[in-house]
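Okay, structure first, notes after.
Chain IDs A, B and C follow the sequence of writing; residue 1 opens each chain.
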Amino acid sequence: MGTILETRLISKRFNGFSALRGIDLSVKAGDIHAVIGPNGAGKTTLFNLLSGVYRCTEGEIVFLDKNITHLKPFQISIMGMARTFQNICLFPQMTVCENVMVGRHAYHETSLLKVFLRPPFTKSTSEAKIRKRAEEMLDFVGLHEEREQLASSLPYGDQRRLEIARALATEPRFLLLDEPAAGMNPNETEGVLELIKKIESQGITILLIEHDMKLVMGIARRITVLNFGEKIAEGTPGEIQNDQKVIEAYLGSE
Amino acid sequence: MISPYTESILIFVGINTILAYSFYIPMTTNQISGGQGAFMGIGAYFSAAMTVNYHLPFPVALVASGLLSGFVGVLVGLPALRIRGLYLVIMTLGFAEVVRVFFLTSDYFGAAYGFSKIQEQTTLTNVTIVLALLIFVVYRLERSYLGRALEAIKENDLAAETLGVNITKLKVLMFGFGAMVAGLGGALYAHYALFIDSNNFGFHRSIEIVIFAIFGGVTSIWGPPIGAAILTVFPEVLRFIQEWRMVSYGLLMLLMMTFRPQGLVTKHMFKGIVSRRGRQEVGDYT
Amino acid sequence: MIFLQQVINGLMLGCTYVLVALGYTLIFGLLRLIHMAHGEVLMIGAYVALAIIAYLHGNLFLAMLGAMVVTALLGITIYAVSIRYVEKGGHLSPLVSTIGVAIVLQEIFTKIFTGEKIAFPQTLVFKNIQVGGLSFNTVQIFIIVLSFAVMFVLYRILKRTMIGKSIRAVSENTETARLLGIRVPWIVVLTFALASVLAGIAGVLVGIAYHSIYPLMGIEIGLKGLAIIIIGGMGNVVGAMFSGLLVGLMEVFSVAYISSSYKDAFTFGLMVLILIWKPEGLFGSVTEKR
């Protein structure tokens, strides 16, 4: 496959404020590719552009060899791109399992007619399948026990896991993780690291935004550095660690 | 069997329940519509025109006016996608007033004189049938994968969309569905009240429908019928306070919003899960 | 010349609309909610003025003053009873609770005064004035001049005084305002009083302009005020002033040149159009509060 995602000079402007300018990004299939940069560099904006939440002011995005620049988020999701959010976006009043089941939305096997014509007191096989897959996802991230609890009742670290499980339920080829280890202690971060490796072993390409440098350097094969909406460096962890511009960006922003 | 008086009350309870559901349905995707009075009016006037002017059989007029209201609902629902919360309420309230003025100034529909000579076609039987069908559809919908998607949209439509849910389609569909239900309610109302005029269907009717729905609670499928039933029956039961009916109504609204804004019936009553939140908001979870 | 006559009529109507719209604007700007009983405050202001002139034999000045005092207190009471404990309840709750208050007030006054219109005592010296080919009267002048004076005073208050600045601060960011030492609860109370005073003044002016008042007069004007702030931009003071006058002119012209049945349609139709094409209103609305 080679390149799973490519952006060509994409930029995003909000009423005159330029959040991203001329970003060229190329993610290789199967990689764990990290995007780092000081706060406000435009990392989440990038994710929003990729997932279709924002529309590019300029440029093109190509995913799985198809131009997705003008597609809506749900279409991009169906193509195989999933994401998590910087500020957790769970469905708080739904249970843990139900949250993940929403991720299976595109995999329902019931036609609209069947929803209403199914005889009373029978169970839907499609629903049973969806639930089964959802529970498998929860098992994968280690939340199987808590599956009937309200999502909002989970501790913070588990909520992040849940969001990942939910994204995985869409069976993505490409997963965008927005600060999956934010606010976690070293133990929890270790857990996230393991989970990410587990996801990689499933053949899923990962694009990762993270501030935890230890995590990033330990797991990413390739790193892109953003600052003030522009790409200032790109390369392997080793190259990035020694890049003068990157060091200045981080030191300068303190 | 049952007295005509009781039958009349039951019919109104049925119609009001249908109307309450017309508000409930768009609320499942967090769309607060203050315009259900308008869709009710469209259903009422058009069904009346069909039976009185074109002598179509009532069932045909009923279904046709429902579909028409639903269609208009979809037309309104499309631009409504861009507006949220309070702005949507106000926009739809304004729409209700525009529709009211339309009927007020339309000679074909009787203008200020209203539309009269409607044949009584609504019976307890057909109201019950429509209501039962409606509840069945909503019940099945809510328990399907679509119902889950709707709930997801309500809680966080952005996240839902990134999970493959076509929020545009579902939101517009629910808005149109709600409008259709209001239209059916309007048609049933017209063929029971036998006379309608534009004053029945503006801002005030829309607010009344909102009250019926949120009094019962818009987070559970059993909210609208309970709310509509109580609010329809109570003023009758307390006939002696007929004088103070409106005042009690206003006070009730005030008290409900202060002490139990989530309505009488909530989703969590039936789930057996104790909600962690102290107070629920009126269908507002985001 | 008819055209200019209508312009004056339109301005007169528009001025009362502006005062109502400003009340809505202040409250929306502050609390992000619509005060659905605002029209009833206007109505009560009118009745208070009528009572002062007719029963207490006061003059117009006293009547205006009395109306202002009563509506200020009324506004604060409405806040305390129906908004204070409800405003957290999502978008619908304060809307519904203030509608409840509106209904209660409408009913009470209908019980006391019946639904009929009562003549509003005319204490202004009515004189027709001719300038060029144009004919207008003292009532129109009084209303327009007084309204503009009130608008000017309000504008100065908001821009120049500490209180005005505090109101604007709280409107923008309650937490920050609180941290800066602004006593937010007092500001809220004050803003409600201010908004209600505007409605009270408007009520008196309506009574003067139309020579009669009735308990349900608040409904229509209340709705119009709502449409106006949508058109101008919710929470936008300049927007309220401009669109209030615009709507006044539009209504007068549609009655004069088209038909009186359509005047509401134009106002609400414009409102719906604005919501579809420029939801933030002609002058922009306030952003989500933090």
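The working rule: contacts are C-beta pairs under 8 Å (C-beta built on N, C-alpha and C of every residue); 3 or more make two chains touch, one makes a residue touch a chain.
What you are looking at is a predicted structure, and each value in this text was computed from that prediction instead of being measured.
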### Query
Based on the averaged CA atom positions, which chain is farthest from chain C?
A
### Task
Using mean Cα positions, find the chain sitting nearest the overall protein centre.
B
### Query
Counting contact pairs per chain pair, which pair wins?
B-C
### Query
Rounded to the nearest whole Å, what is the centre-to-centre distance of chain A and chain C, using the mean of the C-alpha atoms as each centre?
50
#### Entry: chain B and chain C, separation of their C-alpha mean positions in angstrom
31
### Query
What is the distance, in whole Å, between the centres of chain A and chain B, each centre taken as the mean of its C-alpha atoms?
39
### Message
Quick check on chain A: which residues sit in contact with 2+ other chains?
### Response
none
### Task
Within their complex, state which residues of chain B touch chain C.
32, 79, 82-83, 85-87, 89-91, 93-95, 97-98, 101-102, 104-105, 112, 203, 207, 210-211, 214, 244, 246-247, 249-254, 256-258, 261, 279, 281-284
### Task
Could you please specify the touching residues of chain A with respect to chain B in the complex?
51-53, 72-74, 76-78, 82-83, 85, 89-95, 98, 101-106, 108, 110, 112, 115-116, 118, 124, 126-127, 130, 150, 152-153, 166-167, 169-170
### Interfacial residue positions of chain C with respect to chain B in the complex
32-34, 81-82, 85-86, 88-97, 99-104, 106-108, 223, 226-227, 230, 234, 259, 261-262, 264-265, 268-269, 271-272, 275-276, 279
### Touching residues (chain side chain B, partner chain A) in the complex
136-137, 140-141, 144-146, 148-149, 151-152, 155-156, 158-168, 267, 273, 275-276, 285
